[in-house]
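Labels for the chains are A, B, C and D, by order of writing; each one numbers its residues from 1.
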Amino acid sequence: MADTAAPAAVKPKVAFYWCASCGGCEEAVVDLAEAILDVVGAVDIAFWPVALDFKRHDVEAMDDGALLASFVNGAIRTTEQAEMALLLRQKSQLLIAFGACAHLGGIPGLANLWDRESIFRQVYAESPSTVNPEGTLPQTRSEEDGRRLTLPGFYDTVRSLDQVVPVDYYLPGCPPTPKIIVQAVQTLLSGALPPQGMVLAPDRALCDECPRKDTRPEKLTTSEFKRPHQVLIDETTCLLAQGLLCMGPATRAGCEALCVRGNMPCSGCFGPTSRVRDHGGKALSAIASIVASNDTGEIERILAQVPDPIGTLYRYSLPSSLLRRRRREAA
Amino acid sequence: MPQISGSPNGRPRVGVYICHCGTNIAGIVDVRALSEHAATLPGVVVARDYKYMCSDPGQELIIRDIAEHDLHRVVVASCSPLLHEQTFRNAAAKGGLNPFQVQMVNIREHDSWVHADRQAATAKAKDLIRAAVRRVALHRPLERRRVPINPDALVVGGGIAGIHAALTLANAGKHVYLVEREPTIGGHMAQFDKTFPTLDCAACILTPKMTQVRAHPNITLWTYSEVAQVGGYVGNYEVTVRRKPRYIVEDLCVGCRECIEACVYKEGKTRDEFNLGLSKRKPIYMPFPQAVPQLVVIDPETCIEFKSGKCKKTCVEVCGDRKAIDFTQQERVETIHVGTIVLATGFKVFDAQRIPYYGYRTYPQVYTALEVERLVNAAGPTSGEVVLRDGRRPESVAIVHCVGSRDENTNRWCSRVCCMYSLKLAHLIKEKTDAEVYNFYIDIRTPGKGFEEFYNRVQEEGTHFIRGKVADIYPAGDDRGRLIVQAEDTLLGKVRKIPVDMVVLAVGLEPRPDTQDVRRLFNITCSTEGWFLERHPKLAPVNTFTDGVFLAGACQGPKDIPDSVAQAGAAAAEALALIDAGSVELEPYTAFVVEEDCSGCKTCIPLCPYNAIAFVAETKKAAINEVLCKGCGVCVAACPSGSITQNFFEDEAIFEEIKGVLAHA
Amino acid sequence: MARTLTFEQEIANLFYAMDSNPVQACIQCGICSGTCPAVAFMQHSPRAIIAMIRAGQKKAVLASNTYWACASCYACSVKCPQGIDVAAMMYGLKRYSLWRNHYRTVPLGADFSRRFVRLITKYGRSYEPGLAAPYVLRHGFRGLLDEIRTALGLLRKGRLPLLPHRIKRAESLRRVIWQILPVGGRA
Amino acid sequence: MKAYSYFPGCSLERMAASYRLSAAETARALGVELRELEDWNCCGATAYFHIDELLAATLCARNLAMAEQEGLDLVTPCSGCYKNMYFTRAHLREDPDLAEHVNTALAEDGLQFRGTVQVRHLIEVLVQDVGLPEIKKRVTHPLRGLRVAPYYGCQILRPRKGREDDEQPRFFEDLLTTIGASPVDFPLRDRCCGGSLIVTHRQAALSMAYALLQDAIDHEAEVIATVCPLCQVNLECYQRHVNRTFGTNFGLPVLYFTQLLGLALGIPSQRLGIGKELISPAPVLARVGG
C-alpha cells in the first residue's frame, strides 16, 4: 500500500527495526535533528514499525534484496526477533547492526547470567510487585474461550545480531552518536563501501580522543577503586588516575569521549577494537595491571571494590564475549 | 593464509621433517605414519622421516629439499627447541631460507617421553605437526640485530668467588668494578681458620689474592657499597652504585689503626660482626687485621660524635695532619657502564634458632660451626683457643650434622660442605683440646678429591661417629653444666644420651635474605629454594637467563672453595668470550607498537619489566625500544586495544596453531 | 588390572588422607626414635619399624608392640626431616592389624579401641569406668589396690560417673555410623 | 559479647568436671559466650582412629556440622578434641571425595559439613580474641609469686596448626604472667604426658608422667597448669601410682588454666571446682591468697 506512486528514479529503500533494546536507538535516529531531513530526503523508509504503519507482510511481499539497507537495533531475545532478522536479511542488500545491543548483545545480554526459568520465576512470581497467585507463566500458545493466542518464544540465551544472521556493518554505541550515524549513511549512499564486517567507527581506543589523555601518569597504580558517587570527580584529570574504573583504554573511539566530557567514566558501549576478541577480558587485564600491590590478599581487597565485575567489564558485550553466558548447570 | 606468488594453491610450500631420535621418538611414535600424514596436509610439498635429523646428513636433507622443492617454510618435529632450534635454523639459512621461517615441534619431551600409548602418542604428534604447518605459513622473515659490547665488567660480591672472577677478568686486560657490601673483601673464607681437606691456612691462601685485587691497575674496588639500580641490556648495562660513607677519606687513611687505639672507648662495646658476636669492637674499627682495603670505618650507630656531637674526638687528634677522618662524609652515588656482570653474592648460614630443640642461644654451650671457625682461628676472639664461654676447655664435644639441611621443616637440600667442615672441626678441636668428639650424622658425604681419605684420618684419630639425627639437646643437670645430646644410634637401634661440654651445630647454607631484591635488580630468576638459577644445570651452569649476567660461587647453590673458584673462573671466561666477540646478536622476538592503532593510553608502560616502553610526546603514542625488549609478551597481552604485536608470536599465527591442534584428522 | 601390593605400599596407602610423605621417603635418620617419649617401651624403635616395613617383614611388624605403645604425641611427625607423619603411620598400623584380626595376639590396645568404639556407637559419648574397669586386674595386686584407691578418691570427689551419658539423637548417630561401617558389628 | 559454639568433650562431663565449671565461669567473667552444642558426640579421642579413619572423621564432622548450623566457631577446652576436629576440618576441606562420603553419612542425621566454621582451643580464644590486655584489666586477685609450670602437652601444638609460635609457643607463659603468676622454665612443657597409654600401657604412661613431674619439681614449680583434661587426670590422679613405681614422693597439684585464671579474676574457688582434686592445691593457693 506504500509508495505506489513512486517516481521512476527511485530513492534507495531502507528499513529500521527494533529487537531487544530500550528504544534509545530509535531515539538516536530522531536525534539527528536537521540531519534527519537529509536522510529522509535521500532515502525512502520502507519499514519502520515505531514510526510508520507498515506491517510484516509488507516486507514479506518485497523482492529479495529490495531494500538497500536495514538498520536493526537490539539483541535477539525472542523467536519473533530472530524471524524478523532473517526476513530483513533476505530482503536487504546490506544488514547493519545498529547500536550496542545488535552489535555485541548489549545490556539485555547481561540476562545471560541467568536462564529462562530463573528470569520467568523472578519476573512472574517473585518480584515484589507481582500478583500472580496462580503462578501463570508466559506460554507461546494458549486457549481462552475457544480463541487461540500466541506469543513469541523466549530464548534461554540472548544473542547479538550477527549470532543469528550475517551482518555487513556495525554501528557501535549506546546509542550510536548522530555523527556516527550520519557518516555511516553517507558512506553507504556514496557507494564506496568499506570492507564487509567493519565497525563504522575509528579502530583505536577511546583514550586517543579523550580530552584528559595527557593527565594520565606513565606509571599509574591505584590501591582503591572508587565509584562515581563516592567522590568529587576532578573535571580535568584522567579518571583512572582518580581511581575510577574507566573503560576508555579498552573501548573503541568514535563517541568523542562524550561520557568523559560529562565527567563520567566510559562504560564501554562502543565495544573493543577489531584486534580484541573479548572486551571484558582485555579491560580486566588493563584494570588489573594498575593494582598497586603484589600481595594476594591486598590484591583481592582492591579488586573486591569493583562491584559486579561482569556487569562492569562486560556491560555491553557478554553475549559476544568468549564467556557468552554463565555456565549452565549440567542437567 | 597469505598469498605467496608462484606457489601452488596459493600457500607457502612447506617441508616437514620428522626425527626418529633413534628410538627416543620412534620407539613410541609411529614416525612413518607421521610423515604420511604430514604429506597430506595443505601446503606440504615434501615430508620425510629420518633417524637423526640433527646429524649432518639429516640437515643436508633439509638444505637439499629447500632448493629442489623450492621450500618456503620448514617444520622439524623432533626434540625441544632448546636443544636444536639453532641447528635447524642454521640449516635452513644455509639452504637460503630466512631462519625464522622454521618451526620446531617437540614430539620427544612433549610426547614420546611422557606417553606410553603408541596410538595416542602418534595421534598427538599428528596434531602438533598439523598445528605447526598451519602456523609456519604465517611466519614472517625476521632479522637478528647486533649491538656492540662495552668491555668493562662488574663483579658483585667480594668473597673468594668474586675475587677470583675479578682477578681473572682483570688479568685478561678488562677493566673490572668489584662492588662489596661489607667494609672489606674476603667474604666467609676470611672467617675460616683452615680449609678442608688439606688443612691449608685460609688466610695464607686468601690474603695474597685480596692484596692483588687492591693493587691491580684494572680493578676499581668499591667496598662498603651496594648496587642500587641496573638498567640497559647485554653489552650495555648502566649500573648505579651506592657508596656508603665510612667517614674516612680513603685516599688519606694509611690503615695505621692509631685512631682505633685512641678512641674514647677503652674497650669495645658493640657486637663484632666479623667474629659473630664472640667479641666486641669499638665504633671505629677495622673488621680484621688483613682487611682489604686497609681502611678503618666508623659506625655512626655507636659513635659518640654521631650520637651527641660531644665527643672529645681523640681519633681526629691522633690522626693529626693526615686528616683522614671526616664526620661530614655523605653517601655517594656512582654510575658506571659495563658490558657484563658476574654475580658472586654468596650465601648465609642457617639460623640455628629456627630449630628450637637444639637450644642455640638458649644454652651458651651450643655454638654454630662458623662461630667455632672463629674460635679455632688464631686471629679470632680467643686467639685460637677452643674454650667455652665460661673459659673452660671442653672435654667432650658433639658435632650435630645436617642442621638446617636435608630437612623438610627447614631446607630440603644437602648443603654439601657441612660433612667436610664438620670433619675438619672435629680434627681441629681434638687437636687443640684432646676432647672426645662425637659426630652425629645421617650420612657422611665425602665425594671430593682427598675427602674420603680425610674422613678416614679423622676416624683413625678416635673421633666418634654416631649415625642418627639428633632429636633433642637439654641440660644434664650435673655440676659441670653439661648438655645431653639425644639421638637414636640407628646402627645399634638404641637411643643414646651423650653428655657433652660443648655442642657444635653444623649449620647449612642458605640463600641470602635479600635474594629476591637482588634477583629483581639484575632481572634473573631463582630456583624454588631461592638460589640464583643457572640457564642450564649441566650445559650452562654459570649463565643466567639474562644475557651478559653470570653466576659464580655459592649464590647459585652450596659450594666449597675449590668449586667456587672453578665456577668464578668459568663465569669470567664466559664474560670474556662475550666481551671479545665485540658485539652481540639479539633475538628478534621483540614486540612493537602499531602506531596507527595505539591510543596512547599508557597501560603498557609500567608493566614492562625491562623498562623498554616509552611514551613519545610528539605522537602521544607508546614506543618500544627493540634493544631493551626481551619479548616477554606482557605488553602484548595487556594492551587494551590490541595494538601491540610481537614478532614470531603474532595473534594470527597463534590462532592458526590452535586451530591446527583442534582440527583432528 | 589387579596387582598385589607390597606390604610397604599397603602401609603407605593407609595414611593417604594425612598431609604426609610415604614411608618410602624415610632416610633412616632416627630422629623419630630419638624424640619418642615411649621408645623405651617399644620392641622396635619407630625408625626400625619403618625399615622393617620396607623390608617387607610384615609378620614381625604386626607382632611388634611398637604401634600400640605410641602415645600419639606427634613429636616424631613434626620433627621428621622427610615429612613423614610417623604418628599417622602408627595409627595406620593399628588399623591394619585390627582389620587383619591380628590384634588377638597383642595385649591391650586393640581390645581397648574396640570397646571404645562399641561404647560410642551405643551412647555417643565416652564413659571412663566402662573403659578402664576391665583392665584393672592387669596391673597386679598392688596395682589393683592403687587402682581402687584412685577410683574411690575420684568417686568421692564426684569425678566418676556411675552411668554412661546417652546423647539424645543416639539413634540417628548410629545410622550415621552405619553408613560408614555397614557391618556395624565390626566395631 | 562474642559468642562461640562450645564443645566440652566427654571428659568434662565428670572426670574433668572442675574444668567444665571453671571454663564456664572464666568465660562468663571475660565476656565470652559459650553456647554448648546441643547433643554433641564424642570426637573419637585417640582410640577411634585405630579403628577407622573415615568413621573418626565422621564423628568429628557431625559436631562441626552442628556448629555450622549455629554459624559460630567451635571452641573446645580439650586438646584431644581440638586436634581431632581441627584436622578433620582441614582434611575434609582439602578432599572433596572424603567430604562427600562423610556428608552422605551425616545426611542420616539431617546434617551437612561445609567447613565454614573454625575450630579453636579455649585458651587460644581467651588469649587471642579476648586478649591479654583485656584480661589484665579484669584481674582483681593476681596470683603473685605463684610458681606455675605451664604444661602445653602435645595435641594443642602438634601436629602443627600453622600458628606462628607452634614451635616455640609463649602464649601460656604470657597468660600466666598476665594473671600475676610466675611461669617457671619448664623444658618438658610440650613433652607427652602419656595420657593416652594410661589404660593400655600403664608402665610407659607412668614413666612419661614421672619425667614431667620430676622436671616440674626440678624447676621449682608449685603447681602444674594444664590445657587438657587427659593431661590433668594423668598427671594428678596417677601421681600416686608414679610415686609407688618410681619410689618418689611427689605431691604436686595439677590445675586447669581456667582455675588459675578464675582465681585471678576473683571467682570463688568452689565455683571453679577447686576441691575436687586428689592432691589438694589448697596449701599453695593459700599462700597467694587463693
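The rule is simple: a contact is a pair of C-beta atoms (placed from the backbone, for glycine too) under 8 Å apart; a residue touches a chain by one contact, two chains touch by 3 or more.
As the structure is a prediction and not an experimental result, all values here were calculated from the model.
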Identity of the most central chain, Cα criterion | B
If you tally the C-beta contacts for B-D and for B-C, which one comes out higher?
-> B-C
Mean-CA-position distance for subunit C and subunit B (Å) | 49
CA centre of subunit A versus CA centre of subunit C: separation in Å?
-> 68
Hey, how far is the Cα centre of subunit A from the one of subunit D, in Å?
-> 64
Return the residues of subunit B touching two or more other chains; collapse runs of consecutive numbers into ranges.
-> none
Got the subunit A residues that touch at least 2 other chains?
-> none
When you check subunit C against every other chain, which residues touch at least two of them?
-> 40, 78
Which subunit C residues qualify as touching subunit B in the complex?
-> 21, 27-36, 39-40, 44-45, 47-48, 78-83
Could you please specify the touching residues of subunit B with respect to subunit A in the complex?
-> 596-603, 605-607, 615, 620, 637-643, 651
Spell out the residues on subunit C that touch subunit D in their complex, using ranges where they run on.
-> 17-19, 37-38, 40-41, 68-69, 71-75, 77-78, 85, 87, 91, 94-95, 98, 107-110, 112-114, 116-117, 120, 124-128, 131-132, 135, 138-139, 142-143, 146, 149-150, 153-154, 157-161, 165, 167-169, 172-173, 175-181, 187
Residue set of subunit A touching subunit B in the complex reads 203-208, 213-214, 216-221, 248-250, 252-253, 272-276, 282-283, 285-286, 289-290
Within their complex, state which residues of subunit B touch subunit C.
-> 357, 402, 406-409, 442-443, 467-472, 486-490, 493, 495
